[in-house]
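Heads up, the thing below is written out as structure tokens.
So that you can tell them apart, the chains are marked A, B, C, D, E and F in the order they are listed, and the count of residues begins at 1 in each.
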Amino acid sequence: MTESPENAVNAHQAAADPRNDTLKLYLNGRIVPKAEATVSIYDSGFMLGDGLWEGIRLHNGVWAFLDQHLDRLFEASLALDLDIGMTRDGLKSALDETAAANSMTTDAHARLMVTRGIKSAPFQHPSFSRQGPTVAIIVEHSKPSIPRPIRLASVAHHRGLPLTQDAKLNSHSKLNCILACIAAEKAGGDEALMFDPFGFVNTTNSCNFFIVRKGEVWTSTGDYCMNGITRGHVVSLCRENGIPIFERNYSLVDTYGADEAFMTGSFGGLTPVGSIDHRPMPAGPGPMTDKISALYRELIKRHCSGVEAA
Amino acid sequence: MTESPENAVNAHQAAADPRNDTLKLYLNGRIVPKAEATVSIYDSGFMLGDGLWEGIRLHNGVWAFLDQHLDRLFEASLALDLDIGMTRDGLKSALDETAAANSMTTDAHARLMVTRGIKSAPFQHPSFSRQGPTVAIIVEHSKPSIPRPIRLASVAHHRGLPLTQDAKLNSHSKLNCILACIAAEKAGGDEALMFDPFGFVNTTNSCNFFIVRKGEVWTSTGDYCMNGITRGHVVSLCRENGIPIFERNYSLVDTYGADEAFMTGSFGGLTPVGSIDHRPMPAGPGPMTDKISALYRELIKRHCSGVEAA
Amino acid sequence: MTESPENAVNAHQAAADPRNDTLKLYLNGRIVPKAEATVSIYDSGFMLGDGLWEGIRLHNGVWAFLDQHLDRLFEASLALDLDIGMTRDGLKSALDETAAANSMTTDAHARLMVTRGIKSAPFQHPSFSRQGPTVAIIVEHSKPSIPRPIRLASVAHHRGLPLTQDAKLNSHSKLNCILACIAAEKAGGDEALMFDPFGFVNTTNSCNFFIVRKGEVWTSTGDYCMNGITRGHVVSLCRENGIPIFERNYSLVDTYGADEAFMTGSFGGLTPVGSIDHRPMPAGPGPMTDKISALYRELIKRHCSGVEAA
Amino acid sequence: MTESPENAVNAHQAAADPRNDTLKLYLNGRIVPKAEATVSIYDSGFMLGDGLWEGIRLHNGVWAFLDQHLDRLFEASLALDLDIGMTRDGLKSALDETAAANSMTTDAHARLMVTRGIKSAPFQHPSFSRQGPTVAIIVEHSKPSIPRPIRLASVAHHRGLPLTQDAKLNSHSKLNCILACIAAEKAGGDEALMFDPFGFVNTTNSCNFFIVRKGEVWTSTGDYCMNGITRGHVVSLCRENGIPIFERNYSLVDTYGADEAFMTGSFGGLTPVGSIDHRPMPAGPGPMTDKISALYRELIKRHCSGVEAA
Amino acid sequence: MTESPENAVNAHQAAADPRNDTLKLYLNGRIVPKAEATVSIYDSGFMLGDGLWEGIRLHNGVWAFLDQHLDRLFEASLALDLDIGMTRDGLKSALDETAAANSMTTDAHARLMVTRGIKSAPFQHPSFSRQGPTVAIIVEHSKPSIPRPIRLASVAHHRGLPLTQDAKLNSHSKLNCILACIAAEKAGGDEALMFDPFGFVNTTNSCNFFIVRKGEVWTSTGDYCMNGITRGHVVSLCRENGIPIFERNYSLVDTYGADEAFMTGSFGGLTPVGSIDHRPMPAGPGPMTDKISALYRELIKRHCSGVEAA
Amino acid sequence: MTESPENAVNAHQAAADPRNDTLKLYLNGRIVPKAEATVSIYDSGFMLGDGLWEGIRLHNGVWAFLDQHLDRLFEASLALDLDIGMTRDGLKSALDETAAANSMTTDAHARLMVTRGIKSAPFQHPSFSRQGPTVAIIVEHSKPSIPRPIRLASVAHHRGLPLTQDAKLNSHSKLNCILACIAAEKAGGDEALMFDPFGFVNTTNSCNFFIVRKGEVWTSTGDYCMNGITRGHVVSLCRENGIPIFERNYSLVDTYGADEAFMTGSFGGLTPVGSIDHRPMPAGPGPMTDKISALYRELIKRHCSGVEAA
């Protein structure tokens, strides 16, 4: 998944916060202690990965880019023919309520999950589970820090064609990304660099991916990866600040020859890449990554102070 | 998923058994009432579809083809780098224990599920969840009956390439099959007929698929679908009984022109197909389907009376 | 084919005009009554679909965008190595003559067809039919009206790769589109929504296809569909009027999530889409479709009053 | 199309028979002189290539393998949802009647064509033409002779995927084969050698294709080419006569390195290939081609004397 | 290869210069007579095509666009994990030294080659040859002249996917281009027009390819062909001079219908195309080709007079 | 390349033989000392990888399976339109002469290389190099030994489609295999496990690949890899000895779940695989590998004692 903090290095840092052991979570309309936030093993999410989710940061009391996250969630629900059963306002209230229950106002990260709900029998057909969704929200204390740049390893596992499983769905069926991540780890990487079905550089297993070449920023066409909200902001920020940005096909040769590379996601914002296939990036976590990172932090700050719409 | 009763028609019948409301289930070493069979929303299965499962029938006190199911489960676990943490005997005991807790000896169907377990933080990387799997077993009273032949609708959603997500993995990430099923339902079908990535007829969304043409039985190559255990038995039974059987590429034209068609799965055995894209099968639930169905019931009987090895 | 009125709903309306029963048509240099407009069953068009055609509207005495239609026809004839045997002026005169024979000056639609002509023997090789083409022109009274928005159904049949059969050829070999249309009808649709070979949304079986998302207009790259002349005008009109327009890959999820959708073709101009796979469009035949429709009608008016070149 | 005499060299010979100038043909239930065998330019076959056909030889008063041809025709009609409106016996009578009208008993070749009939309006949707098919039969005097072996030229135009247009449909939409044939002619060949979409050697533009390598006979898998009836007989004859025969993928290198090559079709039976891409076949029209050709002539003789079922 | 003079027609002209018989060449740090410029048959370049190269023109004492050539060479060396063992300055000195040894100041063409060096044993693994590269430089007297426009023939051999062999690598493994060239020659062409793996027009076997349509210049996306330096300059020159230029997918139909076509490469600059598949270009070596050719010659002149950076 | 000893582990052992420092080699008709076995940097093999080769073992005075190697070489030369300029007997004499010059009778390995020869100018077109081939033969003392089982790493680099570069050509253009090998080394492997373009397990970078599953032996279809001569013998030996052998598609899941795996090549015969992607093979270098290895050694012994034809 793109919009989240799942790369191993900075996520492990975040995961270490002891306050997260005693969280209160949201489950189907109620705030419950972490230990009671459970679902039946008949849940469609557990059995079949039949659900959708969003990762959303809380910054200075504001859910960053919440409208965009809810747009994406509701749009995906049409494809799944999944009735979320709550309004946008209802979801926002649930997020707020969960944060409040944990006295969080900033440096927190939510995972808002909606599955097709408990099945009446353990069978795949959605007709066994359309009675109502499971809505669950985790919000954790999290402040990403990057002890060292990420090591990427390219892997043979790739993202699929749109009719295999649409990359635009941020779903609970993430096994192909996990297989890629395992392959990367075996090859000595922290995170997998995944290709599209034709061999162009596409995305990492949990984030979007960018390279910097001679002052230009390149990312994949977006056709075969999550339409990351942070990705979208990076593209816009480049355009607004006169940084040449291209959404295009490019290959491994182009990537090894890049000056810098970085990943994007809601959790970590921009995360610099230190090496790809054990070839260090020439400019390391370089000046362009720093520059766009600063622009992005600035954007969040503006956005979360209410100065500007999401 | 191939090895299960998930086609809507016969499954709904089975699901109606009121005894299933008060089942006892297996969860991580304990037998618990159905209502207590819950997992944390931090479970890898719930969050990410990161798990594997098998559907296994109990017949006359014997788990049908259990060795083959366990072979497939342990083989898949290598690809996921997922330590099941139990031996084959341990899993068998757990199945037996669950059946016993519900006083079941026959006409029961188990869903044995293994996920990567509870994550320490809501992130994709497997390193957050490798501490131990979640092992859950549902066994339900179930006796498939077929009120009417299945109506298939072909859909644009297809199964993927092996490096997108290996069709050999019977996983908890089943969203692409569910999307196909929804599309079929919209088109007036009970179940989806899915193609492989190149447009050859492949499988239904939850079962394997066979056609009968002029006394020959055809099924797909198996390259892009679940290596169904019932499928394997049908192929073997045809060979042993002089019925010409071909695992081969074939197209929609070949399929519309078939005399009969049937689906296979552990739950339902052979299920006849009544129509494809609103074109009725000429021979309906025809003589070849009946013949192989009888051979398969005979095989289960022999197998489950201990006369013959799985 | 893209440039024509072939979607079932508005075409049926048009087809109902009783004046069309007694038309006069053009065939190889002569104006003949409809009943005498026949070709040998040895004709290359009849036997093999070996021909090309254009659909052209007559508006206020002017053939709309005739130069573009003739450019496309002559360009395609190079690929088929088919000598049309008439000049552009000759073809225009033939169109005029046919319209005049039916006293048509507006609200009429021509189908100009050129096949490789009568074969000396019923064999595929073009050398049996290169002696001269068959040129036939039908002009019908037609005023498209839309009793209700079109229902689209997505189908598995897709348009092919350029070397299978170039989508740029508006030919008499349309069977793949017809197969798609039949599949859509079986699924409860009026017209098929077809993908490209990789699963991106591409075109309908007889028209080009556009979606509207948050004020932006999206259509496919054009790589795998007819280079529709109306499509081209819609793209240009958007550019000229400050409406963001993108020719790009997009998926079914993007499409279900669209606010509006419409089809384009020479016959119907813009035709609003009411539902896709039984999911109604949120904004129905919405404001953007109306806006561009008005711009297109204005363009035709200008073009056909001689104010502006095609 | 596979089952026909369309390769340029032997077809031209056949086409030269002057008796074919004054044929009587079958059209929708009537025997008519050749000059009156015409269809409206509104016919679905002419406009859109929306029809199916079979090429069938008359040998000693018997239509060779007629049952197989009718099986294929009726099977294809299911895919097209095209009601032929006649029984198998009715079609056979029509063939007989046409032959009788021309006093033919042997060395004659029929082209039995069925299109969706005359459209009520010139639009693609089948609903405009479902009222009844056009059934037309041409039978020509023809005795294939081969003045010289065929020169094949491989071309970039290939046959498509099954969901682009199913190779199992022997339709009136043959433009992609014609484009291939034109390309071959430009490159100095009589007939095109076409690949499948992945680059394996597949078929020629109008016939099936076989190579002979070290005593083995190879042909393509059949997945992407017409399921030729002659092709099927060649495969069966090899099996019955102990000649190793393989339906398999093979490449251009395998083909250039073959000892012999031949084409098959209903019209010409086996036609030897003299060169491929200007590389002469080492063994020319060699001993294996001669051997199988003799077996095939023997089969037709037996079949058409009533000794053996089709 | 793109950046070189390898099309047969103008190259043969150039090759005829008798001064090239007695050249002095550079080999691993030394200037040697042509006859002594030899490598072991254990060289990685000879055995396995394991090397990289650049073609660079000398114009008025300046190596045209040398920085870009060296950038591309060093970038490619990262992908091959090949240590060139010399600095950029070192390579430039070697080029200068070679030119000086032959008293060349202009109208000369260099081929700078770097292979993985002599292997200790005749095995594929790079570990047998990492001890040091072979660096060789040929500079020949050459002044391209074009006795007649090039005849292109389209061929079935195509350029591969990026993970088959990255088109961005200008390597010593050029067999697929050579196979295409041979196929073109058999079909009556001087040079092959190659498609990408999906059938879009891509490149010729040794140059980049452009078409001109109604005042617009089109070339392929660049995804599947060499990132030619001349190609890049043509794109830039069009942009700077208000000539509409599109890097896009286009098909054979678009290409046959073009007004002009030309090839680009370091050796020949722009080379006009006279015919494609024996279809003459309508506008021949036309006005747009002339215009851009003049702009390119101007650019080289400026660049090589030191007025402007590469 | 398949038929050779290039896997790093056993090859390095072989390469250590000091007698190989002072070999005599064959070059264009002459026996020369190793140091004088050089070719011009204008050689087609060096510049462009434009050549073919075979690896052949000398065993007890007999070139193992020489006829098969020469068949493959001459067949490939047709595709390259490369006139070898020597007869089969001439090549055999050259091999014998080279072995004799080094007093070798057994435990020696030849690399017989044929390139298109010296080019008159440094351009790609074959017309610059058709004047005559370069024929070179290296024969080295070599006795493969396996200090430890091979570690395979799967990589994203795959073998190409037949029209990209035919896998049946054992050419001098091996860069894609070398790129795969480098990727494997970075991931901690000795040799790369390569997929076909669709993601099925295919081959290693220099050998063919087999797995053993429950007493069955599986290898890829052979469509996308070298038609290895040792591979062919292993397939035949299995058939002759009642070992179930399947040439089929299979995936990474099937491979991780295998009991044993081995590679084949002319140099090493059968080489056991110890691990794949750091997952050890359960049965290690197991009993089936040993059994087939023994059968293969036996075959060579019989073959090279003249008891049996190649």
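The working rule: a contact is a pair of C-beta atoms (placed from the backbone, for glycine too) under 8 Å apart; a residue touches a chain by one contact, two chains touch by 3 or more.
Everything numeric here is computed off the predicted structure, so don't read it as measured data.
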Item to check | Chains contacting each of chain D and chain F, listed by label | outcome: B, E
Checklist entry - Which pair wins on C-beta contacts, D-E or B-D? => result B-D
Checklist entry - What rotation angle superposes the Cα atoms of chain C onto chain F, in degrees to the nearest 5? => result 180
Checklist entry - Farthest from chain B in C-alpha centre terms, which chain would that be? => result E
Checklist entry - Taking each chain's centre as the mean of its CA atoms, how far is chain C from chain E in angstrom? => result 43
Checklist entry - Roughly how far is chain A from chain B, going centre to centre by Cα mean, in whole Å? => result 31
Next on the checklist: Counting only residues that touch at least two other chains, what does the list for chain E look like?
Outcome noted: 79, 81, 156, 158, 161, 163-164, 166, 169, 195, 197, 199, 252
Item to check | Inter-chain touch pairs (all) | outcome: A-B, A-C, A-E, A-F, B-C, B-D, B-F, C-D, C-E, D-E, D-F, E-F
Checklist entry - If you look only at chain F, which of its residues touch chain E in the complex? => result 1, 4-8, 11-12, 14-15, 20, 25, 27, 34-35, 37-43, 45-50, 53, 79-81, 111, 113, 115, 120-128, 136, 138, 140, 156-161, 163-166, 169, 171-179, 181-182, 185, 191, 197, 205-206
Item to check | In the complex, chain C residues that touch chain A | outcome: 195, 198-200, 249, 251-254, 256-257, 279
Checklist outcome for this item: chain B contacts chain C in the complex at 153-156, 158, 183, 186-188, 195, 199, 252, 277-278
Checklist outcome for this item: The chain B residues in contact with chain F across the complex are 74-76, 78-79, 161-164, 166-169, 197, 221, 223
